[in-house]
Amino acid sequence: MKVIRGRMIGSHNGEAPVRRQDRSQPNGSFQSGYTARMSALQGFLPPLTPKGTSSLVPPMPWYYSGTLLTVEYRTDPANVRALLPEDIDLAPEDPGAVALIWADWQSCSEGGLELLDPVRSQYLEAFVVVRCSYQGTLYSRCVAIWVTTDFAIARGWFQGYPKKLGSIHVTRIFNHGKATPRLEAGAKLGASLSAYDHRLASAVVTLREPSDSNGFVNGHRMLHNRFMPSITQGAGLSFDQLVTMGSTDVDLGTPWRGDAELTLADSPWDELASILPVHEMIAGYYRELGATFAGGDLLVDRSQPV
Amino acid sequence: MKVIRGRMIGSHNGEAPVRRQDRSQPNGSFQSGYTARMSALQGFLPPLTPKGTSSLVPPMPWYYSGTLLTVEYRTDPANVRALLPEDIDLAPEDPGAVALIWADWQSCSEGGLELLDPVRSQYLEAFVVVRCSYQGTLYSRCVAIWVTTDFAIARGWFQGYPKKLGSIHVTRIFNHGKATPRLEAGAKLGASLSAYDHRLASAVVTLREPSDSNGFVNGHRMLHNRFMPSITQGAGLSFDQLVTMGSTDVDLGTPWRGDAELTLADSPWDELASILPVHEMIAGYYRELGATFAGGDLLVDRSQPV
Amino acid sequence: MKVIRGRMIGSHNGEAPVRRQDRSQPNGSFQSGYTARMSALQGFLPPLTPKGTSSLVPPMPWYYSGTLLTVEYRTDPANVRALLPEDIDLAPEDPGAVALIWADWQSCSEGGLELLDPVRSQYLEAFVVVRCSYQGTLYSRCVAIWVTTDFAIARGWFQGYPKKLGSIHVTRIFNHGKATPRLEAGAKLGASLSAYDHRLASAVVTLREPSDSNGFVNGHRMLHNRFMPSITQGAGLSFDQLVTMGSTDVDLGTPWRGDAELTLADSPWDELASILPVHEMIAGYYRELGATFAGGDLLVDRSQPV
Amino acid sequence: MKVIRGRMIGSHNGEAPVRRQDRSQPNGSFQSGYTARMSALQGFLPPLTPKGTSSLVPPMPWYYSGTLLTVEYRTDPANVRALLPEDIDLAPEDPGAVALIWADWQSCSEGGLELLDPVRSQYLEAFVVVRCSYQGTLYSRCVAIWVTTDFAIARGWFQGYPKKLGSIHVTRIFNHGKATPRLEAGAKLGASLSAYDHRLASAVVTLREPSDSNGFVNGHRMLHNRFMPSITQGAGLSFDQLVTMGSTDVDLGTPWRGDAELTLADSPWDELASILPVHEMIAGYYRELGATFAGGDLLVDRSQPV
């Protein structure tokens, strides 16, 4: 099937007409120029430079070591439905299940240079996951997420996680002293999320016993939309993809299960409490883990050359 | 010219084959479903919700009020050339000119709600601009930029500014007291930029006299690349556009011109000193201003459905 | 009146006995050694070094330029009384009046070096002031205050302001563009205070007209307690002074008066809403100003050599 | 020995004369009033309130759990001497030894409420320790320290640690995944310290083997000065004590010893590189630990009622 591209698609306010170019075949000076640029300017994400050192995010794979504190609860399935695109369905079983997860991460790319300047390596995130169904397959889907660093925002935008900045804290488990829970029955771990100086979520998880799982809501491959509006107001989505992805090299600690308390709030800029209110608590979980992210798969591309 | 799309473009690791869909015409259930989603889920940028309140950035137009402290200098034109894609040329005159600009902004969208919760409204940015030529037209181009908030990062990624987070400070001019320069000859304004806890730039501008301009490097429409790699490792750029844009409703204060001192540094994560070293100072400038951003124009779309 | 000091005041857990020394007269090696130290180690506040550059705060005078957004309201006078030491009385008139003030400061010491590295110069503070009466004189008194920098905390501890860190924002008035109120009737300015990621106060002031004053609650010399507990648990206050102070060189802009809305909240770590609840709004104010702080006066010293 | 106090010590600018009061015996209305206040207003440090909840720091004991990354090196003993008061001598052996220590802490007070809202519990600190001799006893002494929270600053000022705010990071050791060193030979841990957006210290420690100790510089009781200048400019130190203290309930993990690289820098506001330059590296150490702080002992009080 031959697709004709590199076409003119109209003029914009007197600027040069837009060219839609197919980079898969040589078709003129733009194409070759651009290809040449890509070998000359380096970087996975902006900014690009001759060496690529400045790129906000280095190339995959990306490695993660850390802990997850998970609170699972049920909301009205209609609330979950309202957050899904129309071509994505609710999960067939327990469709109102939600996971709010605090992750305390250390991360790096190949070579691990970030670990030696740990301000470039460590961050926290708090994210909200639901399950959904697309073309008969069950997926997990992140519908809200806050992180503490720019490189984490950028990785998320690449992956279709709708990342914003937040202030995030979660109790750590140390092995010595009195200012820490231990990994044992009765341990209490707190967690908080704030954005734009509004507290959005506070949780306390009391561990009860080792568990078979770390919960079930965040257990599938992710189904995410990646998109970017046209630079022209009202012209549609220049970039619009449905993608799926998962982690590899998963290295898991023993999960612990327990009780959870969770308080959610809205702010003028966030709707956590109103879009996914807590109807019934399911459980809380804690687990140490490591994982690798090395990319995913495109399901649908609906990008428009606008 | 008819473009056939919605085609299968191969299978990916056993996932459902990718569909390339043309949303400009009805062609089946995906299309109509997706269109419906867009009316149901609101938001200019992620995350999308039924009301759209959570979106990291509200729709254009975006309004800005603030100040600019500008340091212009010359580097070797080869350094500027090395930061440009191959299809973009150096400016024909003074091609080694660089502007490093500190902006102290208050911003909002239609209705101005952000101004009443100013943590959502205020931010600083430090950005590096060069000039370039594309198809015979002279443009300005931002090659590095740091900001202090997530909404500013997101607006920048939409506009093709290669934004990262930084810690940014610039001396303010107050009308009262002894802890401030006044807007007069001899006034000294300092500025700093740090990222990942490394100081990247420090400047002092000494104002000398009112001026006709605020410098010449950042004076043209911007020429930016917007891009996003494929979610599949090594598969190319799913999104790849060359765009241009400018401000409207520009409301300018009187610029002041003076002398400037500038110290640049590299870090393991940034290359400011090495990619654009200072060969010769041109001048420093200070100006109050307001502007509106309401979008730009697409010049070339090289996105690949990968 | 001769005071005999340098006495032994008991032994502590086998350590050398404590010496209470009078530095006003030579009385042995400690005295002279210490005096010598003070000429050798420099700095107004810790840390001391041979040059004194590292001191968290340089010597007075300290200069301030900035803006004040003030919200005045009435609470139950019993709430104010409960925050005053028993030897300090309520103000005779309008004793329940409270001012919550947001200050947006640029500050420096002699020579103004801080203004050239403005991260060392700029900060915000939100503080709560009541009036009180001591030995027949009317004073203002700060009962809670949050600031954004360490040097501001240290200056406050020196002055008896009970400073903590907070995240503080207040709308600015720029002269250009659409993302700003202007200094005119109808202008709306927002302000917020958060500490430990809990929003403690949000305000909106709508300016109505130029005014004769910037409010009346923060209009007197301050009456503050400075104290430090003994290093020995339960042993009392090693340092305990009642002091008074005020600003000099006050350089005032025209105040504006208007309406104010104010929302207060408690957190597990702060009691703003519960200790000073809003019973009746008085007014909101905005003013530019400059001032100098050059010290104050000791009223009572109750320090104990423990 | 009878000390006569509560005396008049002069008038100040027309204010009421200063009273020096002895709180150890009833001597009038001030005394009883003040005593009553102390039972009515609660809090270990400011601000005081009827319930005491707002106090920046709750009463001792304070509990700590965390990790220490220590870099020990030698500087010229004259540099250490120059940082000691004249009545404090160099350590008799290895007097030029310095420890720069990064601590990653979780802390709480009795009841552990802070652990459930961990933004109130967690912080990092980087501190510089030397050894010294006072009246024949060997002590450790902190000559510079940066922390990440206000409650840590306040505890430090109470203890005589010369605390300032900094941005501090140190590599963590996780048990899973590829983005972490493991506690084993060859593990590399990085650490950084920045203040006012200037990088002051960067370190990399490579662990080699379990060790008998965590270094020797920070191994003694601390000898610190606590002081506060008079509110009156130039009048001397209102509060001036020499104190000693140590930890209790020390719960130690196995220390590891290895090699260390360390880069120090000055800024306009800090003198780390110039006051304690690295002449010879000694070693690097890593250890998990817990400890309790429950107060210390006063050695000398030189406070003046000014």
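Going by the order they are written in, the chains are A, B, C and D; count residues from 1 in each one.
Just so we're on the same page, contacts are C-beta pairs under 8 Å (C-beta built on N, C-alpha and C of every residue); 3 or more make two chains touch, one makes a residue touch a chain.
These numbers come from a predicted model, not from an experiment.
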Those chains which touch chain D and also touch chain C: A, B
Counting residue numbers used by both copies over all numbers at the interface, does the chain B-chain D contact come out same (over half shared) or different (under half)? same
Centre-of-Cα separation between chain D and chain B, whole angstrom: 43
Could you work out how far the Cα centre of chain A sits from that of chain D, in whole Å? 39
Can you list every residue of chain C that touches 2 or more other chains, as numbers and ranges? 117, 119, 167, 169, 192, 197
Any idea which chain C residues touch chain D in the complex? 1, 3-5, 7, 9, 12-13, 15-16, 18-21, 23-24, 29-30, 33-34, 36-37, 40-41, 44-51, 53-54, 56, 59-61, 82-83, 85-87, 113, 117, 119-120, 135, 137, 143-145, 149-150, 153, 157-160, 162-165, 196-197, 226-233, 236, 238-241, 243-245, 268-271, 275, 294-306
In the complex, chain D touches chain B at residues 167, 169, 192, 194, 197-199, 267
Can you tell me which positions in chain D touch chain A when the two form their complex? 63-67, 105-108, 112, 115-119, 121-122, 167, 169-172, 174-181, 188, 190-192, 202, 204, 249, 251-253, 288-292
